[in-house]
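Each structure below is given as structure tokens.
Two complexes come next, and they have one chain in common, chain A, joined by chain B in the first and chain C in the second.
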Partner chain A sequence: MSVVTANGFELDTAGRRLVVDPVTRIEGHLRCEVNLDENNVIRNAVSTGTMWRGLEVILRGRDPRDAWAFTERICGVCTGTHALTSVRAVEDALGIAIPENANSIRNIMQLTLQAHDHLVHFYHLHALDWVDVVSALGADPKATSALAQSISDWPKSSPGYFRDVQNRLKRFVESGQLGPFMNGYWGSPAYKLPPEANLMAVTHYLEALDFQKEIVKIHTVYGGKNPHPNWLVGGMPCAINVDGTGAVGAINMERLNLVSSIIDQTIEFIDKVYIPDLIAIASFYKDWTYGGGLSSQAVMSYGDIPDHANDLSSENLLLPRGAIINGNLNEIHEIDLRNPEEIQEFVDHSWFSYKDETRGLHPWDGVTDPNFVLGPNAVGTRTRIEALDEQAKYSWIKAPRWRGHAMEVGPLARYVIGYAQGNPEFKEPVDKLLTDLGLPLEAIFSTLGRTAARGLEASWAAHKMRYFQDKLVANIKAGDTATANVDNWDPKTWPKEARGVGTTEAPRGALGHWIVIKDGKIDNYQAVVPTTWNGSPRDPAGNIGAFEASLLNTPLAKADEPLEILRTLHSFDPCLACATHIMGPDGEELTRVKVR
Partner chain B sequence: MPTTETYYEVMRRQGITRRSFLKFCSLTATALGLAPTFAGKIAHAMETKPRIPVVWLHGLECTCCSESFIRSAHPLVSDVILSMISLDYDDLIMAAAGHQAEAILEEVRHKHAGNYILAVEGNPPLNQDGMSCIIGGRPFVEQLLEMADSCKAVISWGSCASWGCVQAARPNPTRATPVHEVIRDKPVIKVPGCPPIAEVMTGVLTYILTFDRLPELDRQGRPLMFYGQRIHDKCYRRPHFDAGQFVESWDDEGARRGYCLYKVGCKGPTTYNACSTIRWNGGVSFPIQSGHGCIGCSEDGFWDKGSFYQHVTDTHAFGIEANADRTGIAVATGVGAAIAAHAAVSVYKHAQDKKGDDQA
Partner chain C sequence: MSDRAIGNNPAILILGIGNLLWADEGFGVRAVEAMQRDWHLPPNVQLLDGGTQGIYLVDRVRTADVLVVFDAVDYGLPPGTMKRVEGDEVPRFLGAKKMSLHQTGFQEVLALAAMLGEYPEYLLLIGVQPVELDDFGGSLRPQVKARIAPAIAMALEYLAQFGVVALPRSDSSAENHDLPHPSLDLDAYEAGRPAPEIACRIGDERVLASLPGRTSQPRDPHGEYQ
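Let's look at the complex of A and B:
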């Protein structure tokens, strides 16, 4: 029953099948099935995207200048990153250069997203995989205070403060109305934190919930709202006026000060709460070394955060760019987004069909035909699935590959590449973290490594916000207040046909949009997103994706509680609305469910 | 005996005195048109009533509604979740997963039959046997209908649940369907927007808790208190519209002076929402204030009404009220109608006076 995949992972389907559906605390809908051996160790893993919306076909025939708004709605969690990717794709197709200020503002907005999204992920989507809320009730507030003060000078750390939170929590639990904490895995032996660390973490869960809404106000200043701020092909819609009449209707001194103050608060919260919590929690889980998956052998990043406008070369990108394959950290491959042989998507295990499913297609030639069928070994019915057949089609996610390789993307991928490049901005914080925890370099190739890289990146992003805000102000001071280039705004100035590609490094990893424009309208639009890479199903060669690889060989403390599965899946911060929106021209299917 | 934190305790904990609390109860009684004796009953109810169970389901969506919800500044979302409602199911933040999560739905359905609020983010797709949105191995629409059966009322969060939104834009390949089209036997409150404003979301929820009734809705099913007027009606750039001062092209002198964005496509004149009054993210700004026109994201079918940069051609500077009323899909009621009527009357009166002058 045991097989070895093309990318070197041993799968064994002999044991009992455990199904987790829905996987919660993620964006969108995901199902996971695993086979457990007699020791409750995962020997086979199947990850299934269980939603699909079809945005690309909806984009056909529309104005390319509107595409950012449509694609932004791919995801409201990583809000803005699809919009930025989209305006870059359109600008690439039409040869539009943006002003320096627009580049700085876009970077500030993208970094705001990174900082916010990572923070919310850590506390509100991921923490409960490591933190036992019920255990916090038994903590000594004095010990909690001592612990908090030993790791950070964050002022909210008195025994009275922690006691108040604990009392509130007690009342909440005693009410019998447990709300989101109902049916959690409290008391599981998989939880390793002492009560005082649990109380500290739960307290910061609530503090972070209150604080996160401040960070996004930067999007509100520059983009008018959050979630889903506004963007513009050719620059940014927020005009700058710091001197004259009507300045109050534009980006002015008060607005710049507001952003500046939020950046300071964000840096402080991340460096004084998030990072110390991360290290404190990690120190109790040093022995839990599972979840590495693809991270030590195949990682990829397109790079992002251009220092100067209109230059997307590696040297100008502050987030690293490149691909590592076969575990060879000494060689970083350049990625060509336009080469039809490099990025390809396969569908032989996805609920889509191609004419020839043994082959992959480059996004510019992307075809997507829905084909919802279950394999012969699936258990249950078409609308009541008990177990999937992973030998056949089993996911609404396609399988993207880079030169045939399944790749992991995301903060850990970026840090591994940055580390391998010897870039001190990424290498030094990793080395420091490992030294603090007394761990070897190999330890970063793990669930915990993924979670740690995200935290380090949140801090990196917050400090870079400061860099670009200062840069913006300096540029304004030098007399440049331009925010938009409208030379090619009018479709009459466009070529009859154009194609472009735009990329960003979204919080969850490498994101690319490919656009074909014909006669002023969108002719084809394809997005290949981070969770498509990470959550990918198998491909014709038998390679498994990052989620599946990372779950293998992990023991479960309790066979009927999927705590460790959640822990590792969450370390990727899955985003399923992103992963599974892809859809082709022949989407209309006539079968419909009956509605009362 | 477990003790439940009641509304009264919540208010006390937030620093509201008993005296203010009782005053609030008698004002509430008056507002509800009840006799003064009812104040005591309201006070009693608020002192003893447990938190209302809320089940928050996610269909086809992008989670922007949840993200918006957690941005609420007043009330803070931590207070909403810990003290005002009992958010028993929300797969975005709940600790449990898989069958431990599914079991909660079963429990709520029976234990709180007729008493829980069903909040829906996103919508059910009906093509592909409903299987383009699968929860627990089944079509989302099944879960939605099951939970609707025993709920007290439905809140359709955002434009997905209210209208269909982006996945329902032409050609709607999954046949994404708004919630009120599949749930027909329960009151459905639509809170549209992509996403809705955070304080509008918590405002609707706390209105129901505070006044123990559903808010008054317009003909489209939206709370009048937040959707009764167009963005344009209260836009701070309205004087520039009236004065004919427009942004003609991005980053021009007009843009830098904060002129009206109508000519670069602003949909404020036809969009019913509270953005120009409540504003976004604690009142920091709203799209128009940050230089981009309104894209009309709270309106039905806003994705299919032409480019966001095409100006609303049949809206004219004069007589705009009547015209926008026709193009807007909502019936203008409440204050909106009053202003419209007032404007119409003033114009009429002015014309009459003028006529009179001429005759004299």
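Let's look at the complex of A and C:
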């Protein structure tokens, strides 16, 4: 039986059901069910977050100035971006302006996270969806060297170098420690790279792993420590004293120079390794055009990286802001985070209760009241679900909507909006990439487009790190060393009740924290995280979410090896730790694919 | 003086893993926090609150000659039991049966360090079987909290062979930038927890049902979530 959703996707549930649980490679919190037709093409998709956590559970009644430290612990990966969003929400509620240096330092930290996260995502979470490690073991190092030298002047590219890495890899695999390469679908016909491209990519997997030891030092300098850097409502907790010496205490010239040299290395690694690899890999998958989903229809970005402090106008945000709906790239809608009619969360397909589930609630009025019930067509028991009933409640993720529209968020959304605005910083690299690959603009609306946008954004972020570092140093040299505004630190200066919203563009998309402060304490705290947008279930109007839309019409090479599903879902860099979390008793039991 | 062959001044990392927002999951982090508070350690010993950082910890692990890990482990033991695993047994145990609650994460960290050819020469895992995990925003249960001091004693005994002399700390001067921010301090964390009436604490019963020692929830005959 076939139906067309409100947002225009045709669903057919007649075919057999395939269950993949979990989907994420590192932390498994996402379950996906699809119906396949007789040709193994996906005709219906259901994505579900398998466990609920709410921020209000830990934050109500606490000091708003400490909220960042708690939110930093929600997620194992995007710690700093939650902290930044949290301090911005509190500053918004209390009307606190931050110094220019604090704005530059926050931007450098956020951009560092962006570049680092994209790099790790590409090599360590996503590349193995495209790169066959076992094939790399049989590659000719000379051919690998020739390939590497033809695409980049990165110095580590001799035949001997690739031979050494290959031998190391062989010894590792022969010792039976597959480690990160366990559970791969090696040898699947869905892998298209020749052996030398596989060896080049696996070699750079190791180089990227090695490189991350440098990039995190930036968080140590400005955030005092890493992991879990320090943040501050009103600015940044680092003092600046350019005349100081030694490794302890305030930020001095020595440390500023260290950051500067790491930024140079970051730019070089991304532009000479990551981007050429991305193009090389994509060139073998040009006919794999699936996974576009909502990206050509409905995308959203809150915008981020304010050029000057305390100005959140679109003109001042270097990452674009706006919403595109109904596939109309000629119109970019402004977003009002405070308007109760714009951003709303629905729960009629989520395991929560509202008084009236036909309506959505703005996050300031958000309610988190769990209600775990399975629909009449679910198969299995409450604790052993064989198949979900997507006509009823089926996920621990709420369904956020912008003016009723399901939206995709993340690097591709940001690039589509930047492109539609005609902003050359986003349009030109996309046009160049498409020209290099000989592809039309439509090709960007795909799984590979999402992966490519992330790479382009990593390069953009690295160059912007340089911009803000130079700006910071110039401002310091001009005599401004202020990093924090503590005028409103004392709760006695606060109004009796205040509401605020803080946003960032996290690596995986639009992130917002909404806070209500009463009598100096947190009264309500709601986070709407990127994976809530992308991984959302259906809503009362029947719109499907971004993950679900992106899987439709994708053919699987082998139904019991759903590499194509992983490819597309990984392209969103899902981070369910924020939206949900599962603590299964046995990881092996949780990782399974089942065809019914 | 060390009788081991790794020199007189090995780089020693004491790593606490886990999420302090999930009740006994916070054991590892709370253990390094307490160790820093109570003991003066020589400068070649670093304490690190690793949180749930996974792959981002590779760099710290690969530069350590000696690695001591505190973590909550699921070893099928009675809740609150302490478990000591040393050297090569650690990855083998991890592979055979899920042992660390961050198995995927931390087993990968070890594997990645090995792949880079920089695996710690000496490795000790001090684990505690949790009493309660599914209590978001909750703190350590008394049986697990009571294991912090013995776990630290076990670590210090192990480290003595590398020439580490720890002195009890009497002042409150402890400062280590690699530990949790003071707003997450155990006492403040426990005292500031919202009441259950205003902040629901219930989790997913499919998971609750499959946790060891849970009897208050309906238990599926198959006993496992899939």
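Methods note: the second predicted complex is superposed on the first by the 569 of 596 C-alpha atoms of A that agree within 3 Å, B and C clash if a C-alpha of one lies under 4 Å from a C-alpha of the other, contacts with A are read in each partner's own complex, and residues count from 1 in each chain.
Rule of thumb we're sticking to: a residue touches a chain if its C-beta (ideal position, glycine included) is under 8 Å from a C-beta of that chain, and two chains touch if they have at least 3 such contacts.
Just so you know, these numbers come straight off a predicted model, no measurement behind them.
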Quiz item: Of the partners chain B and chain C, which touch A:H228 in the superposed model: first, second, both, neither?
Solution: both
Quiz item: Should A:A282 be classified as contacting the first partner (chain B), the second (chain C), both, or neither?
Solution: neither
Practice problem: Would you sort A:P562 into first (chain B), second (chain C), both or neither based on which partner it touches? | Solution: first
Quiz item: Once the shared chain is lined up, is A:D369 touching chain B (first), chain C (second), both, or neither of them?
Solution: second
Quiz item: Is A:D66 touching the first partner chain B, the second partner chain C, both, or neither of them?
Solution: both
Self-check item: Partner chain(s) touched by A:A239 [first = chain B, second = chain C, both, neither]
Solution: first
Quiz item: If you stack the two complexes on chain A, which partner ends up touching A:A510: first (chain B), second (chain C), both, or neither?
Solution: neither
Quiz prompt | Dominant toucher of chain A (residue count), chain B or chain C | solution = B
Quiz item: Thinking of the overlay built on chain A, is A:A482 touched by chain B (first), by chain C (second), by both, or by neither?
Solution: first
Self-check item: Common ground on chain A, meaning residues reached by chain C in one complex and by chain B in the other
Solution: 21, 26-28, 50-54, 57-58, 62-63, 65-66, 69-70, 73-77, 79, 120, 124, 168, 172, 177-180, 206, 209-210, 212-213, 216, 224-225, 227-228, 230, 370, 372, 382-385, 396, 577, 583, 587-590, 592
Quiz item: In their shared complex, at which residues does chain B touch chain A?
Solution: 2-5, 50-51, 53, 58, 60-68, 70-73, 76-78, 81-82, 85-88, 90-104, 125-142, 145, 165-167, 169-177, 181-182, 184, 194-195, 198, 237, 249-251, 255-259, 275, 280-282, 284-292, 295, 297, 303, 307-309
Quiz item: Can you name the residues of chain C that touch chain A in the complex?
Solution: 19-22, 25, 49-59, 74, 91, 97-98, 101, 103-105, 107-108, 110-112, 114-117, 133-134, 136-137, 177-178, 180-181, 183-184, 192-194, 198-207, 209-212, 218-220, 222, 224-226
Quiz prompt | For the chain A and chain B complex, residues of the former touching the latter | solution = 19-29, 31, 50-55, 57-58, 62-63, 65-66, 69-70, 73-77, 79, 120, 124-125, 128, 133, 168, 171-172, 174-185, 206, 209-210, 212-213, 216-217, 219-230, 232, 234-241, 244-250, 258, 370, 372, 380, 382-386, 396, 481-484, 486, 489, 561-562, 566, 577, 581, 583, 587-593, 595-596
Practice problem: Please name which positions on chain A make contact with chain C in the complex. | Solution: 21, 26-28, 50-54, 56-63, 65-66, 69-70, 73-77, 79, 120, 124, 168-169, 172, 177-180, 206, 209-210, 212-213, 216, 224-225, 227-228, 230, 368-370, 372, 381-385, 396, 577, 582-590, 592, 594
